[in-house]
Amino acid sequence: MHGIERSSGGLSRGGGRIVAGALLRVEKIDVFYHDFHALWEVSIAVEEGLVVSIIGANGAGKSTLLNTIAGVLKPSTGVIEFFGKRMNGLMPYQTVSEGISMVPEGRRMFPRLTVLENLEVGCYIPRARKRKNEVLQRIYHLFPILGERKNQFSSTLSGGEQQMLAIGRALMCEPKLILFDEISLGLAPLVIKNIYQTVRQINSEGKITALLVEQDIQRSLKAAHKVYIMQSGRIRLQGIPKELSQEDIRKAYFGL
Amino acid sequence: MNLLRSGRLYGFVLVVLALISLPYWATRYWVLVILLFSINLALSQMWNLLAGYSGLISLGQQAFIGLGGYALAVFSLYYGLPIWLSIIIGGTISVLFALLISAPIFRMRSVYFAIGTWTVAETLRILFSNWKYVGYGMGLFVKPAYALSFNTIYYSALGVGIASVALVYFLLRSKLGLGLMAIRDEETASETLGVDIFRCKLNCFLISAGVTGAVSGVLYLHNIFIQPYSAFGIDWTVRLVFITIIGGIGTIEGPIIGSFVYVFLQQWLSDYPSVSLLILGIIAIGVILIAPKGIMGTIQEKLGFEFLSPRRK
Amino acid sequence: MLSFLAELKGPIVNGLLLGGLYGIIGIGMSMIFGIVRLVNLAHGDLVILASYLSLVTMVYFHTSPLITLILIIPAMCVIGFFLQYYLLNRVLAKGMNPPLLVAFGLSIILQNILLLVFTPDARALVTSISVKTIPVGGFLNLPVVYLVDFIGSITTIVLLSRFFSRTYLGKAIRAASDDEGAAQLMGINTKTIYAIAMALASGTAAVAGVLVGMTFTFYPHTGPEYLIIAFGVVIVGGLGSLLGTFFGGLILGLAQLLGAHFLGPGFQLLSGYIILLIVLTFKPTGLFAKG
Amino acid sequence: MPDILSTQNLTKTFGNLTAVDNLTFRVKEGEILGMMGPNGAGKTTVFNLITGVYKPSRGQVIYKTTDVTHFSASHRCRLGIGRTYQIPRPFENMTVFENLLVGAEYGADLKGKPARLEAAEILDFTGLLPKKDLFAGKLPLLDRKRLELARALATKPTLLLIDEVAAGLTEAEVENLLDIVKAIRQKGVTIIWVEHILMMLNRGVDRLLVINGGKWLMCGDPKECMESKEVQEVYLGAEEE
């Protein structure tokens, strides 16, 4: 909670002001798919210990932003800094070593690997391998179902269980920052509720900063300490959930 | 532009005239070189039509080369039919065979198609080498071709070479060509614009098979001797692939340039055939890595100008 | 009826043993197809390259071909790694056809290098066991080499499957084969993984090459023959399972020897091709593939 | 007005995922029907089912009075169903003009001069005439989006399916395309239009169809739909827990 007090003063609406001391700093990045201009001068800051949420309709550029931070896409201009270190141009497998882990959209299990093997692949980087058993126990504690099904092929899991596995897999490398891409997509409401509880748990107990992308505004506002609203590849609104009016959010979201 | 166009036309006429009169002023060696060039050109133009314009990577063109060659031998030798008729029968048999295998082979996509066509050719190779009627693996001599003069064979080779270029040129400017190029660029989009993909590809496959079979007849007028292990060998397709890739896949001029490179290397290193194939292989890989559009494709891109443009205005 | 079956025992047993050899020929191709999504048209030539390398080593050290594996396997692994890392990886992103054509070019280059160095003469890795047979049940003589092939093949497959299920690297390779993008998000450098997979596949080609060389004569141009066999094994056995590939080999071996038995020796290869074409037509993903 | 297209219990499943679920709707002749829904709502799948890129797992597609459910995509195009793609798919190694010729010769079944005239007319209409001899792969995004529309028009459609023309463009560029769509409608072409920039749908369409999770949510006046509780909930989430 300390993190919010510290950062709330620095938040401003609409503008791209950067808060000093942010864990992740994205400054004025532009991203293209060939000549498709997907992100336009996007700036965000994620302070350590927070849950920051990016909201927007589909096509708004949320996933593009996450993928750029993870190194899957490369910004053509602008800066991405993590712990003060420049991240532009790193490949996704390199950003993992730096401490950024991603739960990709659609879960992206390794279907022909068992649950346990999926988790083991999650700690492929040498630093994480050493602490495998310890972290594994913590993940089984967080998601007991994964422990029960560890020898099943991941393709046999239900959608919600797969989402848990995807989160568990991303936690195996003990990241500093975890990126969640549309984790509620295609899941039943009750399951979504559980997943979001875990996200909060990971953040508060595990001391892991989280950046999440979500289509569902209410869910996001509830979970996050700070939100950004994107539309047509641009940040339209940002702030602390309580301070934003429903009307402003609606307008920013639909681009009205 | 008009000047350029008429200049180009005169250029063509001059080249064609020079080639026609070649036996009267050049040495036999050069006539032979152009003969080989023409046949390779015609065959690779047909592979290019498949791979470059409808995205069908066939590794089984040797099936039609073998069929065309054997048709010439069998019909002229066993049945005493005129040579030219036998060549046409060879083309027809190739089309029919292509039609026969098209049902299974078109169920296979990309790499499966490649290996499938190759396996079909290998199957033919074994069948022919176990077939008493065609003399097993010992092969046949195309004796009726002994009667032909060298010049006759040269002109028929030159004829199929030029005809293949003209055929592809006019084909590409036809409705079929338009459909093929659309399919090559974007299969799904072409379908939702009304292009019947299966029919376009099938037509292309049949044309390519028929012409390859007929050209092979001319080839075996020159080779005289046909034997299943070489006639149905993958070596033919290796050449066609290299020629087309080096020259520029999906361009009409590509196989022309490629055939030049091939025949030049082959003649220059005639004592070391494996060296020339080795060099060709290395060039081909280099081309795919550095200039995937081949020599002509790259030149066209740089100059923004096509000599034999299939473009319609 | 009984005598008819007794007559079939020979081709069946020999076919199964030969199938083991086919399995090891196909396994490397299957791995690369499954993991890198590349149809390595040079796989047959890598097998034959290994046969020649073994021949050279064998003559130089006056040793048995099986012993040469100590050198040949690492050598082939290195060759495979570099081919993938510096050549094939560079064309993978360019679509389905360029990698296919590069591999095709590679195949021709390898054949012609072998031709230049070793001449077109037939070679064989002749050892004391080459001509030995074991009598079985009084009516069947099993060639010892076939037995060696079968055991060599099974051993390699067991070792590989242990590697894939027990090591981080093995699991990472399988993960990259399931979903390249997601694997990268786990910190896996998939380009290196592909090169390692090709190194392993070339290692199996080394084993296959030595066994092939001990069993049959080979020429610089024999590669494509084994390529089609390897492809047949992959297609019949389906992708992604070592065991499936092995069974694919057995089916192909059986089909060939039974075909030769009924139609005559000239049709041994033909029956294999026909099986391949039938499977390609009706179930191009392979008989043992899931879904 | 008669229906130009209707779907009956249209369903498409991929494995155990149901992308389109029992969807029944009608398109009236001459209207612009907007279609919206959140990510994964199944809009593009609906397009693929109508145009025949996919075959439905269940249900029917009826065009005019014909059941076209089992017709191929190319056949449906020749009957008059045209479409554009969300991400432009031009024939990159062909000129702009040839791109249109494909539509005119195959889709509209024109030959020779009439085909060329038709193509030229549409090039003029969409403002691509000065670029007709450029290779389509060299066009900037706005022109490729125009080309998508132009190429579909060359097939002489009576029903045109437009999949997101606005994404990735500046606001001025979006306006330009909006004008073209309106002009197409003036020609009497019926349009189904998927768009994420909802403002555009608000301004351009007669009726709005909202789907969510592959299911029919509501259909009617665009303003009413946008302000309805159901739609707000789908997008913004339910207020209560």
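We just call them A, B, C and D in the order they show up, numbering each chain from 1.
The rule is simple: a residue touches a chain if its C-beta (ideal position, glycine included) is under 8 Å from a C-beta of that chain, and two chains touch if they have at least 3 such contacts.
In this text, all values refer to a predicted model and were calculated from it rather than measured experimentally.
Among the remaining chains, none touches subunit B as well as subunit C.
Using CA-based centroids throughout, the chain positioned farthest away from subunit B is A. Work out the mean CA point of subunit B and of subunit D, and you get 42 Å between them. Computed from the mean C-alpha positions, the centre of subunit A lies at a distance of 55 Å from the centre of subunit B.
Centres computed as Cα averages put subunit C at a distance of 50 Å from subunit D. Taking each chain's centre as the average of its CA atoms, subunit A and subunit C sit 44 Å apart.
Because contacts link each chain to exactly two others and close back on themselves, their graph is best described as a ring. Pairs of chains in mutual contact: A-C, A-D, B-C, B-D.
Residue ranges of subunit D in contact with subunit B, taken from their complex: 51-53, 72-75, 77-78, 82-83, 85, 89-95, 97-99, 101-103, 105-109, 111, 116, 133, 151-152, 154-155.
The part of subunit B that touches subunit D in the complex is made up of residues 175, 178-179, 181-182, 184-186, 188-197, 250, 311-313. By the touch criterion stated above, subunit A contacts subunit D in their complex at residues 35-38, 57-60, 182, 185-186, 215-220, 232-233, 249-250, 253-256. Remark: subunit B residues 51, 55, 57, 59, 104, 107-112, 114-116, 118-120, 122-123, 126-127, 129-130, 234, 238, 241-242, 245, 272, 274-275, 277-278, 280-282, 284-285, 288-289, 292 touch subunit C in the complex. Of all residues in subunit A, those touching subunit C in their complex are 70, 72, 91-93, 96-97, 101-102, 104, 108-113, 117-118, 120-122, 124-125, 128-129, 169-170, 173.
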